[in-house]
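Before I ask anything, here is the structure I am working with.
For reference, chains read A, B, C, D, E and F in written order, and residue numbers begin at 1 within each chain.
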Amino acid sequence: MKTFTKKRIDIMVEAPLLNRLIDLLERQEVGGYTVVPAIAGKGTSGTWHRDGQVGRVGAVVQIFCIVDESRVDAILKPIFEMVAKQIGIVTVSDVEVIRPENF
Amino acid sequence: MKTFTKKRIDIMVEAPLLNRLIDLLERQEVGGYTVVPAIAGKGTSGTWHRDGQVGRVGAVVQIFCIVDESRVDAILKPIFEMVAKQIGIVTVSDVEVIRPENF
Amino acid sequence: MKTFTKKRIDIMVEAPLLNRLIDLLERQEVGGYTVVPAIAGKGTSGTWHRDGQVGRVGAVVQIFCIVDESRVDAILKPIFEMVAKQIGIVTVSDVEVIRPENF
Amino acid sequence: MEATLNLAIANLTSPMILFFALGLAAALARSDLVVPEAIAKGLSLYLMMAIGFKGGASVAQHGVDATLLLSLLAGILLSALIPVLAFNALRLTTGLKTVDAAAIAAHYGSISIVTFLAMTTAIEGLGIAYEGYMVAVAAAMETPAIIVALWLVFRGKGEKSAGAEQTGSQFSPGLMREVLLNGSVVVLVGAFIIGMITGDDGLQSIAPFIVAPFKGVLCLFLLDMGLIAGRGLIGGARNLTAPIIAFGIYMPLIGGTLGLLAGAAIGLSTGGIALMTTLAASASYIAVPAAMRLALPEAQPAIYLTLSLGVTFPFNLTVGIPLYVAFSQMIA
Amino acid sequence: MEATLNLAIANLTSPMILFFALGLAAALARSDLVVPEAIAKGLSLYLMMAIGFKGGASVAQHGVDATLLLSLLAGILLSALIPVLAFNALRLTTGLKTVDAAAIAAHYGSISIVTFLAMTTAIEGLGIAYEGYMVAVAAAMETPAIIVALWLVFRGKGEKSAGAEQTGSQFSPGLMREVLLNGSVVVLVGAFIIGMITGDDGLQSIAPFIVAPFKGVLCLFLLDMGLIAGRGLIGGARNLTAPIIAFGIYMPLIGGTLGLLAGAAIGLSTGGIALMTTLAASASYIAVPAAMRLALPEAQPAIYLTLSLGVTFPFNLTVGIPLYVAFSQMIA
Amino acid sequence: MEATLNLAIANLTSPMILFFALGLAAALARSDLVVPEAIAKGLSLYLMMAIGFKGGASVAQHGVDATLLLSLLAGILLSALIPVLAFNALRLTTGLKTVDAAAIAAHYGSISIVTFLAMTTAIEGLGIAYEGYMVAVAAAMETPAIIVALWLVFRGKGEKSAGAEQTGSQFSPGLMREVLLNGSVVVLVGAFIIGMITGDDGLQSIAPFIVAPFKGVLCLFLLDMGLIAGRGLIGGARNLTAPIIAFGIYMPLIGGTLGLLAGAAIGLSTGGIALMTTLAASASYIAVPAAMRLALPEAQPAIYLTLSLGVTFPFNLTVGIPLYVAFSQMIA
C-alpha cells in the first residue's frame, strides 16, 4: 500500500500544563492530537506515580501529534519553549500514514 | 545485540469498533497485538474526552501490532478499509525486535 | 530545529515483573523511563484483559526508556534476559530529541 | 393545574435535578470538574443492580399480575412504532439524510434508564406505587427500535442504494447479540431475576446497600450526566438546527402520549402509567449510539448524541417528569 | 441431612451466590459486562478494611482467649502442610511438571479471602458466632504455603536441576517481603489492629459504612468474581485435564477436613471451625499467583489460575460453604 | 490541661487518625498498597458533595446570622495576610529563593479541605456545634493566597528581574479562572447552594448516602492520604532542611492563632472558632500546587508539596486538631 511519511511528535509533560499545551497545538492548527495516560516515570525532576498523587501535580501525561514534515519546526519551537522550563520531554520520530491530507 | 527490523502498525479507532478490529487481526493471524488507552484527542471528526462519555461512543482507543514487513500490506488493507469509514487513523513505523520468530 | 538521534526501548512485560524491571533500569542508570498502561492484548502466552483480573497476574504493562545509541546494547542485554523467560516483548526504535544531555 | 405546578416546582428543587443542573452549569462554565470514567461506570452498575433487584423483589412480593405480559408487549410495540413516527417527522421537518434520520429515530424508540430511575425516585417521593416489573419492560424496549431503524434504512433499497457495501451500513446478527448482551441490560435483567428469586428476604439483607443510599448515588450520577450533557452541548450544538431541536422537545411528548395511552389501556397503576410514559418519552444515549456506530457509521454521532443527551434528556428530567406524573394521575 | 440440604438451598439462593452466578453466566454468554479495574480494587479494599476492622473490634470486645495463639499456629501449620499433600497428589495423579505441581500446591496452602468473606456472611446469616481473630489467622496463612512450595522445587536439587539459574526460578527474601507487605494483607491486618484499638466505639462510629452495606458490596464484588472466573474458564479450560479438575474439587475437601479437625481440636466455636475449614479448603488467586510469576516463571499461570479461580473458588462458594457449616455444626 | 490531653488521646485513637497512620506506615514500609486514582477522586468528590450539602442544609435550617459576611471577610483577609507572614518567616529563617518562599507561602494562606473535614468530624464527635456556612468560608480562602504570593514575587521588580519572561513566571486571569472553577470548589460550593435550596427535606432524602457513611469514607480517604504523605516524604525529605521543617510546624500555629482570634472577634460559636482556626492553620496541597506549577514553574514542587503534605498535614491532623479545639473552648 502506498504510504506517506509524516513526523510524530511525542510530548511528555506534567499534568497541570496539559490544557495550555493543547491550546498551543490548536493555535498551531495541527490536524489532530491524542492524549495518552502514563502510570509512573522518572526523569531529571525525579520519580512520580499516578496512584500517589492528591491533585494533578507530579503526574505526567503524554500527548502525540502527527504532522507533516514541513511543519515540524514551526510546531516544535513553541512546544519546546513551553516544555523546556517545566517537567517534561519531547521526541520526534518517523511514521507513515495512508491518507496524507489530514496532517 | 542483533536485532531484526519489523513494522509496527498503530491504529486509533473509535471504541465501539474495537472488538471488530480485534476479530479482524485474529483472522489475519497476527502474532500478537496490544490495546492501549487514550484519554482525549482531536481529529477530523472533532474533539473527545474519556471522562466526558456515557457509554463508549465518542471515545477512541489505540491498538498496535508488530508484524513482519512482508505481511504489512496484507494486514493493512482490510484494517484501512474498516477504519476509513469510521473515526480513526492508522500509522506504520519501523521497530527492531530481538527474537524475530514471534511476528 | 537541531535534533539528536536516540533509541527508544519499549518493553511490554507482565505486571508482577514491573518493579524488578524498574530496579534493573535504575541499576543501569538510565536517564529516565515512563510506565504506560495497556488495556488488553494477545501474544504467544495467550490473551489478557485488564478488567478481567483479580490481582496483577495476567495483566501486561509497558515501559519505555529513551537512551543514547551507545548504551543500547548494555541496557538491552539484561532487559532481554529478564523478559525472555516471562510474558513480554521488547522493541527498539529511533527517535530524535532536542536536548541530548539527559539521555 | 396548581397541583401540576407544585409537582413541577417540587421536581425542579429536588436534589436530583439540582445536581444535574450543577453539572450542566459547571460544564458550560468550562470548569475542569470530572467524574472519573471508572467511577461513572461503577455508579451506573450500582444503579442497574439496585433498580433491577428492587423490581424483582417487588414482583416476588406482589406476584405477577395479568398485565405483565401486556406491558412487555406494549413496550416492544412502542419501541418499534415510535421510530417510524420519529423518522417521518424528521424527514418532513428537517433536511437530514435518511441514515441520520433513521439513527435519531432509533434513539427515541429505545429508552433512557436514568430518566426511568429519576421517575421512579420522583413517584416514590410522592408515595405513588408502581409495578416492579416495569424494569423488565424497560429492558425489553432497548432493542426493537434499533431493528426498525435499520429496516427504515435498508427497506426497498435492496441493500444497495443506501450504500451498505460502500458506506459500511450493516445489519448483522452479531450486532443484535452485542446489543442484547450489553453490560447494562445483563445487570438490570440479572438483578431483576435475582430479586425475584430471593424476594423480600434478599432485599432486606442488602437494602442498606441498594435501597438506603440509592437516591444520593443517583444525585452524584446526575451531576456527571449534567457535565456530559453540558460538554456535549458545547461541542455539538452547532450541528443542531432549530427543527432538530424542536424535534428533541416534541418527540418525547408524542412518544409519552402513546406510552400514557398504552399504560392506561392495559390497566397499569398510576405509577406504572407514569413509568410507561417516561420510557416511551425518553431517548437512549448509551446502547443505541454504540449500535449506530457499528451499523450506520455514516450517520453523524454529533447530531444524535447531542440531541438525545443535550436536549431530550434535560427536557424529560425537568419538564417531562412532573408533566407525565400529572397526566398519569388524571388518566388513571 | 435435611438440615444440610436446607443449608445448601439457602446458600444457593442467597443474593451473594446468585450474583456470582450472574457474572459467570454473563462471561460464558460473552457479554461485554465489565467491572472497571479501579472499582474492583476499590471494592476489594473496602472488603479488607471492613472485615479486618470488624474482627479487631470483636477481639477488643470479647477479649483474646487462649485459642488465639493456637489458631494462628494451626493456620500456619495447615498452610505449610497442605502444599505437601497437594504436591504429592498432583505428582501421583497428573502428568504435571514439578514446577507446575509446586505452583498449584502453593495456591491451595494459601487462602482465598473472598471465600472467607462469603463464609462469614453465611454464618452471620445463620446466627452462628465466630472468633473475630480468625481474620488474623487468614492473614497468617497467606505466606507459609509459598515458602513450602518453593522448597518443594529446590530441595535436594542443589538449585541446579530444577534450573534455578537457567529458568529463572528464584527464592529471594525480597519476594517474601513483597508477599508479606502486599496491599491486601496490610489493609486487613492494619484494620484489624485499628479495630482492636478503637473497639466497639470505633466500630459504631463507622458501622454505617463498613457494616450495614457490607453484604451488598460483597454481592457486587462476587458479580465481578463470576465474570473473571467465567472468562478464565473460557480462556484456560483447555489447559485443564480431567485429573487436574478432579484435584480442584477433592483438594478443598482434603484441606477442609484438616481445617475442620484442627479447629475442633483447638476448641474453636462452631463459626470458628467453619472459618478454619474454609481457610484450609480455599485456594489463593491473588497473592500466590503474583509470587509464582516472580519465583517460578516457568510454571504455567493458565493452569494454576484457572484451577483456583475457575474450579475451586466456585466449588467452595456453592457446595463448600453449606458443607463446611454442616460439618462444623456436627463436630463442634 | 487534662481535658486537652484527653482530647489529644481521643483524637490519636480515633479510626480516622489511625487509618491515616496505617497509610503512612504502609508507605514507609514500602508496601505496594495503593488506592486507585479513580477511587481517590471519587472519594474526594463524595466528601466535597457531602460536606457542602450538609453545610448548606444547616444554613437553610438555622438561617444566616450576621456573622456570615464577617466570617467570609475574615477568611479572605487571613488567606491574604498569612502568605505575607509566611514569606517573611521563610526569607528570614531559610535560604530559599524568592519564588520558592512565595510558592510555599501561598500554600499556607490557602486551606486543606481534608483537615477541615477531620475537624468537623472531631467536633461533631464531641457534640460541639458549628456554623454550617464555614464550608463557604473554606471555599473563599482557597484563592486570595495565590494572588498575594504572586504579588510577592512580582512587586517592585517590574516583571523583569524575577524573570517573568525568561523563567516562565506568569500571573494571568486564565489562571485565576482555573483556580476558581477547579472541580473541588465547584462541587463544594454547588452542593452548599443545593443544600441551602433543598434544606432539611433534601438532606433527609439523601442522608443515608451523604451523612451515615461519611466518617467511614473519610477513614478510607485518610488511608490514602497517609500513603501519599508517606511516599512524598520518602521521595522529598532530602529537599527539606531543618528550618524548613520547623516552618511546617510553627506556621500552622501562627496561622491558627490568627484564625482563633478572628473567629472569637467576630463572635463565632466554639465549633466555628475551631474551624476558622483549622482553616487558617492548614495548608493546601491540591489547588495551590497546581496553580504554582503554572504560575511559578521555577519554584520546586518537591519542597512545597512535601512540606505541606508530609509535615503540616500530619501535624494538624494529630497535634493540631485537639489543640485547636482546646483553645477554641477556652476563648469562646
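Note that contacts are C-beta pairs under 8 Å (C-beta built on N, C-alpha and C of every residue); 3 or more make two chains touch, one makes a residue touch a chain.
Just so you know, these numbers come straight off a predicted model, no measurement behind them.
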item	value
Any chain that touches chain C and chain B	A
Neighbouring chains shared between chain C and chain F, ordered by label	A, E
Farthest-lying chain, centroid of Cα atoms versus that of chain B	F
Identity of the chain that, by mean CA position, is farthest from chain C	D
More contacts between chains, D-F or B-D	D-F
Length of the line joining the C-alpha centres of chain B and chain F, rounded to whole Å	45
Interchain centroid distance [CA atoms averaged], chain A/chain C, Å	19
Centroid spacing, where centroids are CA-atom means, of chain D and chain E in whole angstrom	41
Interface hub residues of chain F, defined as touching at least two other chains	32, 34-39, 42, 178, 208, 212-213
For chain B, residues contacting two or more additional chains	19, 36-37, 93-94
Chains that touch, pairwise	A-B, A-C, A-F, B-C, B-D, C-E, D-E, D-F, E-F
Contact set on chain A toward chain B in their complex	1, 3, 6, 8, 26, 31-37, 61, 66, 93-99, 102
Residue numbers on chain A that touch chain C, as the complex places them	10, 12, 36-44, 60, 62, 72-73, 76-77, 80, 84, 89-94
For the chain A and chain F complex, residues of the former touching the latter	14, 16-17, 19-20, 46-47, 49-58, 85-86
Of all residues in chain F, those that touch chain E in their complex	13-15, 18-19, 22, 25-26, 29-39, 42, 125, 208, 212-217, 219-220, 223
Chain F - residues contacting chain D, complex	36-39, 41-42, 45-46, 49, 53, 178, 181-183, 186-187, 190-191, 193-194, 197-198, 202, 205-210, 212-213
